[in-house]
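Which chain is which? They are A, B, C and D, in the order written, and residues in each are numbered from 1.
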Amino acid sequence: MNKRWEVFQHSSDYRFTPYIMAGDPCEEATIELSLALEECGAHALELGVPYSDPLADGPVIQRAGMRGLAQNMNLEKTVKLVSKLRERGLKIPVIIFTYYNLLLQLGENRFLKLAENSGVDGVLVPDLPYEESGYLRKMCSEHNLALVSLVSPTTREEKLARLSREAEGFLYCISSLGVTGIRSEFRAGLDDFLKAAKRNSRVPVLVGFGLSTREQIQQFDGSSDGFIVGSAIVKKIEELESDLLTNREEAIKTFKSYIESLLPVYSR
Amino acid sequence: MNKRWEVFQHSSDYRFTPYIMAGDPCEEATIELSLALEECGAHALELGVPYSDPLADGPVIQRAGMRGLAQNMNLEKTVKLVSKLRERGLKIPVIIFTYYNLLLQLGENRFLKLAENSGVDGVLVPDLPYEESGYLRKMCSEHNLALVSLVSPTTREEKLARLSREAEGFLYCISSLGVTGIRSEFRAGLDDFLKAAKRNSRVPVLVGFGLSTREQIQQFDGSSDGFIVGSAIVKKIEELESDLLTNREEAIKTFKSYIESLLPVYSR
Amino acid sequence: MTTATVPDHRGRYGVFGGKYVPETIMFALEELETAFNEAIQDQEFNELFQKELAIYSGRPTPLTKADRLSESNGGASIYLKREDLNHTGAHKINNAIGQALLAVRMGKKKIIAETGAGQHGVAAATVAAKYGLSCKVYMGKEDIRRQALNVFRMKLLGAEVIEVTSGSQTLKDATNEAIREWVAAVEDTFYLIGSAVGPYPYPKMVKQFQQVIGHETESQFKEIQQGKLPDAVVACVGGGSNAIGMFAPFIEKDVPLYGIEAAGMGVETAQHAATLSKGSNGVIHGSLTKLLQTSEGQITEPYSISAGLDYPGIGPEHAYLHETKRVTYEAVTDEEALHALKLLCENEGILCALESAHAVAYSLKLAKEMQKDQHVVVCLSGRGDKDVHTLMEFEEGGNEDE
Amino acid sequence: MTTATVPDHRGRYGVFGGKYVPETIMFALEELETAFNEAIQDQEFNELFQKELAIYSGRPTPLTKADRLSESNGGASIYLKREDLNHTGAHKINNAIGQALLAVRMGKKKIIAETGAGQHGVAAATVAAKYGLSCKVYMGKEDIRRQALNVFRMKLLGAEVIEVTSGSQTLKDATNEAIREWVAAVEDTFYLIGSAVGPYPYPKMVKQFQQVIGHETESQFKEIQQGKLPDAVVACVGGGSNAIGMFAPFIEKDVPLYGIEAAGMGVETAQHAATLSKGSNGVIHGSLTKLLQTSEGQITEPYSISAGLDYPGIGPEHAYLHETKRVTYEAVTDEEALHALKLLCENEGILCALESAHAVAYSLKLAKEMQKDQHVVVCLSGRGDKDVHTLMEFEEGGNEDE
């Protein structure tokens, strides 16, 4: 476990992990947005990689991916972007969120070496379930990377226990079925699921998928150790797209006040 | 055998039998065209009845039928038209050329009575072959009408002999396969066919279907007793349509000189 | 029952039938009659025909029980004889194969055919391609415009499609024109008629080649229902080929038979094709039968949403079965047919031809009045792929009205 | 031969296959695997499946000898396995029936499906109607525009057609979207995949439900040819369901097998769908296989004149059979396929699907190089009615060029 993860894990805050798409709307914007998120109190950052076929994502993140693709962003560049983030002073753990096919084409080994050298802390592969992840899991641990696992309310009890036990970095608990995206309601019985996850996990248990308001976020405090916000933030970035390209300072200011409006008052 | 047929049969001319469509382009025109034809030397007249489905006719006569239908001409009116022709002095035999369905709807018996009283001399039903004509044949002879038979180059020898023997009025020999219409060439072996027809026939043997020039007509003199011209004449009437409606005298003059140009020089 | 004696040697079904054609083609009808009678007495020919039906067209077609449709309808269960599963999508191919094999046997190298919507044209072009015959298909100009896809299919199959501009430029005129061509080319041409109409021996021949529908149905039904016969058999009637083929084995048995004509906008309007309900005796296309005509004998243009039922005449045997009351003929409107088509689609996953939908519509009425343990068999004469355009137009029109 | 051991317990065909899906649906794949394995060991289920194939879809489909085509081509004789005669016009229904029966057995009331040109969508909507399931079909916006008739058919069948506006708005995006919906509604929804692709157990299951093609072919061929096996078997490959179904019984026997991909404008251009010839290992729709992609791993849009071959991936078992060289995979261009379609049409009276025409085109090449007493069997996966529009457009375009 590296230093950045140590800080993350030992934080007593209700941990905030935002997701943004690399290259959306351009590389420099991604850098400044990342730094702004850290300033606003993010405990870790998930950095998405644009992909032609993001089957775990809803429309908001799909569109962000299209913008990233239009910037020729790819997995290799995303990893290298993390180097730049480090150079610019980002201290929180960064998790690369990538579909498996992108990893395969870059080469798993090449990716891992590059990631390790670029200051990446973890990888999350939404279409690589535990059953298929043996090799990558082993290689990640050799390269000091956390392979972050997703668990879902539909994950069977036994498997949930096992995934929770073996979780690295944090355990990503899906708040509701379906793809990423903003939701107005959550699943009944979610608390039991989170409780079961927490019971076995050695790492913080974060809840994600669909959270978009302070109220929604606060309701999981207590049952989880933190939360992930993706689509809501990405949607804000979409709204700010032209300013982020041409009037970035102003846009970042607006972005930060949006993030502040989102965060639970007690999380800072 | 009535008087008119007697004259027809005893003529030593190469007999000319024109076909025109009743009501084309109007009833009065039909009357004047008929009289003109007699003046030009016609030995008998075939009067067609407009029909929606004239499957033995080519395009020229189909169009004439459409014109006749537009004038509300029908079988009953055609028969009554013959009365008027007689009143106006027409002396040659008149044969009603009608599809069988028209006869059926008017009623065969009603038709026969009407025809007999109207000075009609014969009937020709192109879609009533010998095999189906028993009843009508019997009834025709009761009403002093000739049921004119068509024979074709495809008619089998035995049947040809029989039809020739039983022919009434005249025997209509089809010069070529197909429907009515103008043809530029005739069938090889036609002479043999005509010879066979003549061998058994007690009535004049006429050749028809497709004749449209003096040359064509002359070539059958010798092998037949006369000829029928339909489409060529009907086509001329079509050309003269508007004059026949509005400037009839002129049109009839043109028509007569056309007919004269058609007839063999020796036929008068 | 008295039907065993028809047709007589002159090709008459009671007063109906006969050969009302120009003398020029009389010899060809005789030649055809002789060749046909010889062929059907020749075991080799019959075996060849059965074999082609099986390995080319995929016969036997199944008898499918329409469970969900029957249940939602109430009353008797409905069985579907699946002629829609034939090669080219309708029963038409049975007859086309039979006549083409006969043409080959007679040494003919050319066939001609008439078509309305193009279904029989496609069937004729298909067998022409299969057996190496040249093929001309006569089709009204108006129908060519409406059925561009089928025209293209016929051309792909190597057939020549001849535009008919005479008369009303639809099926009856295309048939007239095909007969005209036959009169002209009779010596080396086989006229492949598409329904149980035309001069004798066509009605008899088409029945012979279509009766496989009824024979299969009988044995399939008996196998499912322990040797019983159906309590009712229903088929749509345009010219009447699928119906006569379906009825064939049942006519002499104690099975109620129903032939369903197209009532179009309603038999009380002028827009229908209900020949038996509204027609009178007359001659059309070589045969004495019932037909739609004016009092003066001009044949009128029929109307139905289904192109295959849109014919002013009907096969002479149906006129006879109507007169003798052996078969009950009823008419079903466009709207009823469309409704039945949708019900069948939604409940059984089968998109049937609009023609067949008329039979389905009537079976639904009939079944409702019958007992739960009774069985109605309906001839699903063809599939509805060809009708999707018409259905779409109708839906659009319908929606506009709302 | 080594194929008897695939797939392994992890759903792997060599390196290919697997389950690359979000954790949310992993339990559903396990549930499906269990239910599927139980079902195919249950004689009642198998009998029901066979019965439905027979009485609903009209199986067995015939094996038709293409006499005139073979003769004009020269070389070996060509036999056509007539999947075009199935209900709804293609082999797709075999699998749709199988999966729908399994869905019913599992107590599911809702199915979802993806579709490109609409063929599988129609098959899915059909079985949904037949078995009383609700059905959502995901279809790219672009495909909805191009295939309005099939969209209408699905709606007639009672299905909901959902427009997919993501990505390139075609089949691969529709599949992504169907998977997304499945992830959301996995607890009561059965995902009915249309080809031998997707996460395990789909490739195995689709093969199981399609192998009736090969089994029938084997016994039909043996019956005609005194117990012999064909000298070559050819099938087109999009996702690979008709091919794997056809190959199934022959893989372990000494019969040369050929899978034919779409070369579109040519494999040397960017306009093709030749996954095995030009693709590389990658993950698509839950399975590790060969696919068309950029060097960075972005999946590229394939091209073929035939909508059903226009898929950037391929079933994992084909990737394996390619790697082990048990099956020879070749690619055929649009032009060659069109030419073959016309030849088949003109010589046999069979208008096949553009997909199947690829297989026909290759069989013609193959047969030419074989002996007169040898036999090539080609899987005629579907009928070409659905393609007439495309053919017309192509002809028009072609004529303009002349």
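Here is the rule we use: a residue touches a chain if its C-beta (ideal position, glycine included) is under 8 Å from a C-beta of that chain, and two chains touch if they have at least 3 such contacts.
Model, not experiment: these values are computed from the prediction.
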Task = Go through the assembly and pull out the chains touching chain A as well as chain D.
result = none
Where chain A and chain B overlap in contact partners, by chain label = none
Chain separated most widely from chain C, comparing mean CA positions = A
Note = Cα centre of chain A to Cα centre of chain C, whole Å, reads 67
Ask   = So what's the Cα centroid distance for chain C and chain D, whole Å?
value = 35
Task = Would you mind listing the residues of chain D that make contact with two or more other chains?
result = none
Query = Among line, ring, star, complete and other, which best matches the way these chains touch?
reply = line
Inquiry  = Output every touching chain pair, sorted by label.
reply    = A-D, B-C, C-D
Query = What part of chain D is in contact with chain C in the complex they form?
reply = 54-58, 61-65, 68, 82, 84-87, 89, 125-130, 132, 148-149, 152-153, 156-158, 342, 345-351, 385-386, 388-389, 391-392, 395
Ask   = Which residues of chain D touch chain A in the complex?
value = 10, 18-28, 30, 166-167, 172-173, 176, 179-180, 183-187, 280-286, 293-300
Remark   = Per the touch rule above, chain B residues touching chain C in the complex are 51-56, 58-59, 62, 69, 74-76, 99-106, 126-132, 149-152, 154-156, 159, 174, 177-179
